[in-house]
Each structure stands twice: as structure tokens, then as C-alpha cells.
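Here the chain labels run A, B and C in written order, and each chain numbers its own residues starting at 1.
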């Protein structure tokens, strides 16, 4: 019995080695995300498009099995060991992973996306500016509430960088106006709690004027609660990201607008950038090492065009 | 009589509503073996708890080495050289013998690292074991030892604490005859070394062998002090219960009927190389004797369906039982009163009522829902029939005395009209009065046509109760003895594997 | 009929409720009570389910993963129109019972430890759920509407959420099963002393298996209600830690993790307390990051108080 198991194991190892060594003939570029979500499906589509234009590279798109820094770290170590030539990563916890990221960056060219790690030796960051995105959300709120009003925000992890930057960005724009953000409730990315937070906020502040959903799943929860309590259309909703329910609300006019990032471009441009960099063209990296792919404001006027583009990218 | 180092005088103890001890005196000299007997509840345990510093007496003086001990604590009692060997041993199965002896007082090495110095530990433990005549060494894992051997470990632990007085509470209740003899030999070794022993036991014959003096307690009072020459079982029993016991054996009302339980070439997983054939007839009590380990309990488990037989057939009233299904066995009217009441017989945390009805809930349930009134009625009938003494039916079974617990186990089965009852050690740890009630009940049942198979290691019980005795040896029936041929010698010679005379 | 433990818990709930109501009177507003009742219903169903396994002397750690897996399957089947909602409900319930059957068989027949079996379940079902949607969120498309299903699961009757009504109905039936039925008595007996139960002719294996089937079956019911509440399920995070909510409610409600002890009323009250605590964090504006800390502290205080109280009573 034991013998048979070890034979199987040997064959397996042999097969695996064979397949990796085949892959090694091309240079491999890896895009490592911070966890599983729909959002990254778009980036994956962008990477796929890039693959079509980079036949000499093997582009890999990697999900860690858990959204934990240690798991992601191990995944990157394995990739380096397997011989990838460059990595683009959305680090789970960039602030406390400086050493770990530096170690990876010391072995292969390292790029960051989604959340930056400016204190490391990463070559460049490509992605949105969450502060800018927050500012755009503030603009939507200002436009929708010309007479001012009170807003409550909902977010998964209030302490995370992306959440903080979005919130700060929004606050910087509405500062001085009559629109104010009185509280932001966190839910630890538990959808049940996310929905309950909205319900409780509505119960505690029946006269609230505006709700802001900072993470992609927050606006749908806001939408559902308002719909169930009959307040849809009475409370202004400002959204982030492109959940189908969010886009439906925008089209319906019950959500004032949503700020969307462009992960497709991150994937596409990011891969092309890495390839150019590896080919020796260092000019692709700007002096400030930041390549900002602007976020867009989507409202009733442009939602259909945006959705068509999304569909096209995911299926294409 | 040697000069006593310990004197307890005028000890009394009252609990709310109960006078547990009333003016009891007891002195112990070096190398004395004192038998302490009495029915359960006579005050033996309370007296010993007072001596151990666990319970404070309401009145009385304890003098140790001429120094009066007011407010005796457990630590002070231990320091004074008093040690307990409990009925339920306080040992760790996952450690070695030596580690058990020195638990909490391990010799250390390595300074601050505090490693256990195993070599030193075993070196210190070994002489204690030798002194007790143990046939195992200090490095043996405890799990490899028999119950009797573990008792020796417990005694060695007491000796390692420089004990002068070892109190043994029912040390032989779980031992076989030969193991009991070995323990009695150990006691005389202790005696020879000047260590005193207080021996508490229900087995009066042992007292006769071992004790220099006997103190008999009844209802919290000291009713007799017997010197060496006066120690006879009948005398002790008379003092314990305050009356003379009639001959225990009650003859059946009539001759036995047809066979009701038949074992035909039954092989158990315990002894796959042996087969058992045995018939039990209506209206008779068959004793199943044998040494511990002869396979009696395993046979009972197999018959009851807890274990599957490897081959052979078990028939109740001529109908074969399906293997390994207690539920089916119960449906045939064959019930087992297990050896280990607390673990197998009762759910200790359940009230008396639920314990009585546990096996027969269907009787007082409709469509799966229990009719509490019917359940209560069912339980009450059995309680009266068996005279279970308890304040209420809602009292935890675990709070009852051993005898009453056993009655609850019996009550469970009696409500279901038994055809065959298997008793495994029915009176272990039960006081004399309750024992007699259980014997009376067994005869009453057999006279009603129930077949009774009684496993017992207590020779008095086997001889006093059985109409016939089957003796097991290493998994087979070594011989069958009719009532007329019953004697201790005859049973023992079969039990140790010699052919019946 | 109310036990001492349950009474203590009820008093604790009333005290906490009064304090919150004084600080923020909106705690007692109909909409807030209705919302909290809805969550009590959602979390209560699988807490009661958990109690059955805990009383049998086991533990069910895969609750959260089962809720994620069955929720994902349910939402996917219904939103894609592959199955009529009614059929999807039946399928999910059957799947739940099958999972319970598997756990029960592994525990009772193979003698594996419940902790190990259900820990593996926790990992396996989470993994399958994520694989099923390839880590994408399963949700109803915008504007999708299943009036009957939505009314049944997320509707409200004069402000009383249907989830609470379902929970109360389940509680009544399960209370009867646990405290009045022969099976319930057997369950307590097996949890307290499996050996004695066997010696009494009780088929202990079947009792244990039934406990897991009930647990996972009811968890499947909860999975449907929760899926209809969130309307979208991201398989990697949906239901995370929910087993701990269930175990906490059961322990607060007087279940002993050693088995053989507990009451349905206690579990209900335990669930109420946990949800009131969550509500309190939001209503009193306590930073949401402290949510779990508040919950843990109150449970710990409750258990300590109970312990002290019972000590004084007996000692």
C-alpha cells in the first residue's frame, strides 16, 4: 500500500515538473490578487487581452486560497521559486508586509496594484487613486444634495487603507458644504452584518438624507433595505464599484451615482508595462512611480454604455 | 497493645438533620491493622474524612503523637503520616509507575529548566515497590497494570510520603481471590514494617484474616470493639445490623421449569478459541463464578447483544436472538444489570424517574411524545415495589446510596416483565441490609418463573444465593455444580482450571 | 417551567435592553424591533440546530460553510431559473440532511471525533462553495423578483418578520421534540452517558445520526432564509464564524459542551441576547470594530455570573 502511494506521488511530481518546465520556455508574468472577488474577474479579462498581444509571455492570474497576508506571501514565494520573471500584486496588508514585499522585490521586479506599498522596493504602482475616487463620490453627493444633508457610510473594514482614503477623499470635497458624513459603520465583510448595519442606521437615524456604500457589496445592501422599507428614492445613495444591483439602481435613478475603478485596464496595462520593463524599457515608469488609471463617475446618463463595455470585456 | 500514636476521642459530627457520628473513639498504634466495618451510612467514611482533615468534627479531640490537633487540615494530616488508598484510584494512566508515585514531587535536574530526573525518580520508587512485593518495576507504564497492581502503586505512593497509617477504603471490592490474598499479604508486610492500616471492607472474611482489632460502627455509634480472638463474620454481622442473619440461601418455591435461556457453542471476541454452552431454566438462579478475566462479563455483554458473538446461537424461550442488538434482546425479555452501575447502569444526572423509564419509554409515550403522567405512574409503581428510599422521584440518581442506585437499575427492568435477568456483580459496594433485599428480590423473581444468571466474585454470595453454579475458566465453562455440591473449594478448583472432583 | 438559568438570561436581556433603551429610545422603535426580530429569526434557526448536536455530546463546526455552500447553490439555481424556487428549497433541504447524515455516520459508526469531522466539513464545504461559483459572488440580478419566495422568507406580517415566525414555529416543534419526545429523552441520555443508554437498549448510533441530520437540515433552512436576506453571497466570506454564533448562543443558553444539558428556551434567549448586543453596538454608535469584543465580554460575564450563582446555591 505504502509503496503504491509513493509511486503515485513520484509520477505526480514528475508530471508537475514536466509541465512547469514546459511553461518555463516563455517568460512568466504573474498577477497576484488579494482574495477572491468578482472585481478581479475584470482584471483577469484585461490580463487575457494582454496575453493576446504578448505571445512571448506566459501570463498567470493567481488567487490566494485565503485573503490572508501569510497565504499570499507563500503564494508569491512559490511563484518566485517556480521562476516567474515579474509579479504584480494587490497586497493583502501592504503596511505590515514591507519586509516580505522587499524580499520578493529583491528577487524579481515587483509591481503593486489596487493598494500601493510605497515604502518597499516595488518598481511602480498601477491602479486607482482611492483618494480621487472618494473625491468623485463627494462630487456626486454634492450634486445630488444641493441643499445639504446628513450621510452615513458603510464599509467592510473601516481601518483599511482603501476605505480610509476613500472616506478622507469624500470628506475633503464635502468639507465646508452643508453635506456631512456623520458616521461610517464597518461590517468585517459579512453581508448579513452589512445589511443589518443599514437597517440599524435607518432605525437610529430615520431622518438620514444620504447613504454611501464604500465597498462594492455595500450599495446593494443599502438598495435592498431602502426598497424593503419603502424609502427608495427618498434617501440619496452614493455608491462605489459596479455590482449589478448598483448599476440597476443607477439606471433606475434610485442611486445617484457610482464611482468605478478600471481593473480591466490594470490587468491589461499592468501586464504590458511589466513586459516592456523586462525588455529593458525603463521609461515606462514615471518619476513618481505612480501610474494612475482614473476612476469614473457613472450616473444615469452613461450607465448603459458602461454596462455594455463591462459585458463586452468579461465575455471577450 | 502497642502505645498508640493516634487517638481520636469522643468524635461527633452532625450534618443538618443527620447525626453522622456520635461519640466515637478510635486509637491506632504502630503496626496495627484495624478493621472498620459497618453498613453503608454507618459513619465509616465520615470518620475517615475527619481523620484526613477533609471534614471538621463537631465535637471530640484528635491527638497525634501526644499533640492535640485542633482544626486538622488535609496538609497537616498528610504531614502526620496519614495516607488514603481510595476505592477509586487517583492515578494517571498515561504515566509510568514511578511518575505516579512522585506526581507533584518529581526529582528535578537541569536547574531552571526543571527537567524531570527520571532515573532518580525510578531509583527512589523501586525500593518502595520491592518493599510491597510488587512484580513490576517503576518504569512500567501504569496502563499495563491490573487493578490490583495499581492499588500497590497507590500504596507505594502513600509509603513515599512516609505514611505511618494507610487507610484502605474497600480495597478488595474489585479484586479476584488471588489478588485479594496478595493484598492481604501486602498488609502484613506493612504491619511488619511498623506501618498501621485501617481496613474498611464489606468482605468480612478478609477482616478475619488481616485485622488485629475490629471496630464496628452502626448509625454513627461505635457498637463493638472486637479483639483478635473475637473476630468472626457472624459476630460482626450481628453487631453491624443489630440482629443475627438467617441463612442467606432461600430455597426456590418449586422445581425449575424448561430452559429459557440457551447458549449453544457461543464464541465471544474476548476468547475466540473457546465456546460456551449453558442452559438456564425458568425459576432458577444460576451463579456464574470465576476469576476476574475468565470472560464472564464479556459473555454477559455478548448475550445481551452489546458485542456480536463470533459464532453460535443464543435462544430465549427457544427463539434465537439476532446478534448484537440490545434492543432486540430487550424485546425478547432478556435484561442485564451491569457490573458498573455508575457508568453503564444509570444516567447519574437524570432524575430517578427518567432512569426507571429509560428502557421502557414507549410504554408511556404516544406517537413519540412522552405522557409525563403515565411515566410518573410507571416509575412510582416500581419505586414502591422496590422500596427505593429517596426524597422525591426528581432527585438525581447519582445522589442515592449504592443500594438504592442498584434498585433503580432493577426498577428499570422490572417494569418490563423480565423472562431472563443477568446480574453482573449485583451487590458490589452495597451494604448488608440492601444486599439482603436484593437477594430476596432475586428469589421472588425466580419464583415467578424468571431465569436468573448471577455473575459474582463474592464467594459467600455465589454459595448463598445460587441454585446451581457454573464456573468459568479462561473463557469456557469449566464445570457445573449442583446446589448440594457447592463449596468454596469446589468452585475455586474449577475456577483455577483444575477438573471438578 | 422556566429554569433558573433561563430566568437569569432573561433578566440579563431585560437589563441590557433597558439600558440601551434609556440611552437611545429608538431601540424600542417598531422598525428597529422588527429588524432585530428578523435577525433573531435568521440566527436562531441554526442556533437551535446546533443545540441538538451539542446536547448529543458533539459539536458542529461546519455551520457557516454549510450556509455558504447551500446558499450559493440555492441562489444560483433560483436566479438562473434552473429550478423552480420550491424545488430548489426541497433540494437544498435534502442536501442539508445528507450532509448531516454523512457527519452522523462518520461520528457514530466510524467513531471519529465530532470536532475533527465537522472541522473537515468546514473546510470542504467552503472550498466547494468557492469552486462552485469560481469565487464569484452569487446573487440575484437587478430587479429579479420571486414574489412568493420573497414573501415567505423575507416578508413581514404587520411588521413581524416571517423569519421570526418560522423560527418560533421551528422552536416550538423542536422544543417538543427535545423536551417531550422519546427521541429527546434518548438524546439527553446519550449525551450524558452513552454507555448507560446502550445498556438500556437505546440505539445510540441512530440517535447521534438523527441529531446531526436535524442540525444540518435546520441549518439548510437557515441558509435559505439568510440567502434571501442578503440576496447575494460571496462564497469566501458568507457565513464565516456563524458556527461560533450558534455555539455561543447554545452555551449562553445553558448547553454544556460535555453534552446532555441544555434547553431550547435557553438557546432562544441566548440568540436574542447576541442579536441585541449587535444592535446595541450600532445604536449606541460604538465603533463597529468593537462588535466582537462586546459580544465576547458579555458572554464571558454571563457564564461567570451563572457559575458564581450556581456555586452559591449548591455550596
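Everything below uses one rule, namely that a contact is a pair of C-beta atoms (placed from the backbone, for glycine too) under 8 Å apart; a residue touches a chain by one contact, two chains touch by 3 or more.
Since the model is a prediction, treat every value here as computed from it, not as a measurement.
A.B. asks: Hey, which chain ends up farthest from chain C, C-alpha centres compared?
C.D. replies: Chain centre farthest from chain C's centre: B.
A.B. asks: Find the most central chain, measuring centrality by the gap between its CA centroid and the centroid of all protein CA atoms shown.
C.D. replies: Answer for the innermost chain: C.
A.B. asks: Centre to centre, by mean C-alpha position, how many angstrom separate chain A and chain C?
C.D. replies: Those two chain centres are 33 Å apart.
A.B. asks: Report the inter-centroid distance (CA atoms only) between chain A and chain B in whole Å.
C.D. replies: Computed value for the inter-centroid distance: 72 Å.
A.B. asks: Where the centres are mean C-alpha positions, what is the separation of chain B from chain C, in Å?
C.D. replies: It comes to 45 Å between the two C-alpha centres.
A.B. asks: Taking the complex as given, what residues does chain B use to touch chain C?
C.D. replies: Interface residues on chain B, with respect to chain C: 304, 306, 326-327, 329-330, 336, 338, 343-350, 354, 358-359, 361-362, 365, 368-370, 412.
A.B. asks: Taking the touch rule as given, give the residues of chain C at its contact with chain B in the complex, in rising order.
C.D. replies: Residues in contact with chain B: 176, 180-183, 185-186, 188-189, 192-193, 195-203, 260-261.
A.B. asks: Touching chain A in the complex: which residues of chain C?
C.D. replies: My answer: residues 24, 26, 29, 31-32, 35, 39, 42, 130, 135-137, 139, 141-143, 154, 226, 229-238, 240-241, 278-279, 282-283, 285, 287-289, 291.
A.B. asks: Which of the residues in chain A come into contact with chain C in the complex?
C.D. replies: Residue positions touching the partner: 35-38, 41, 63, 66-67, 158-159, 183, 185-197, 199-204, 206, 217, 220-221, 224, 228-229, 243-245, 247-249, 251.
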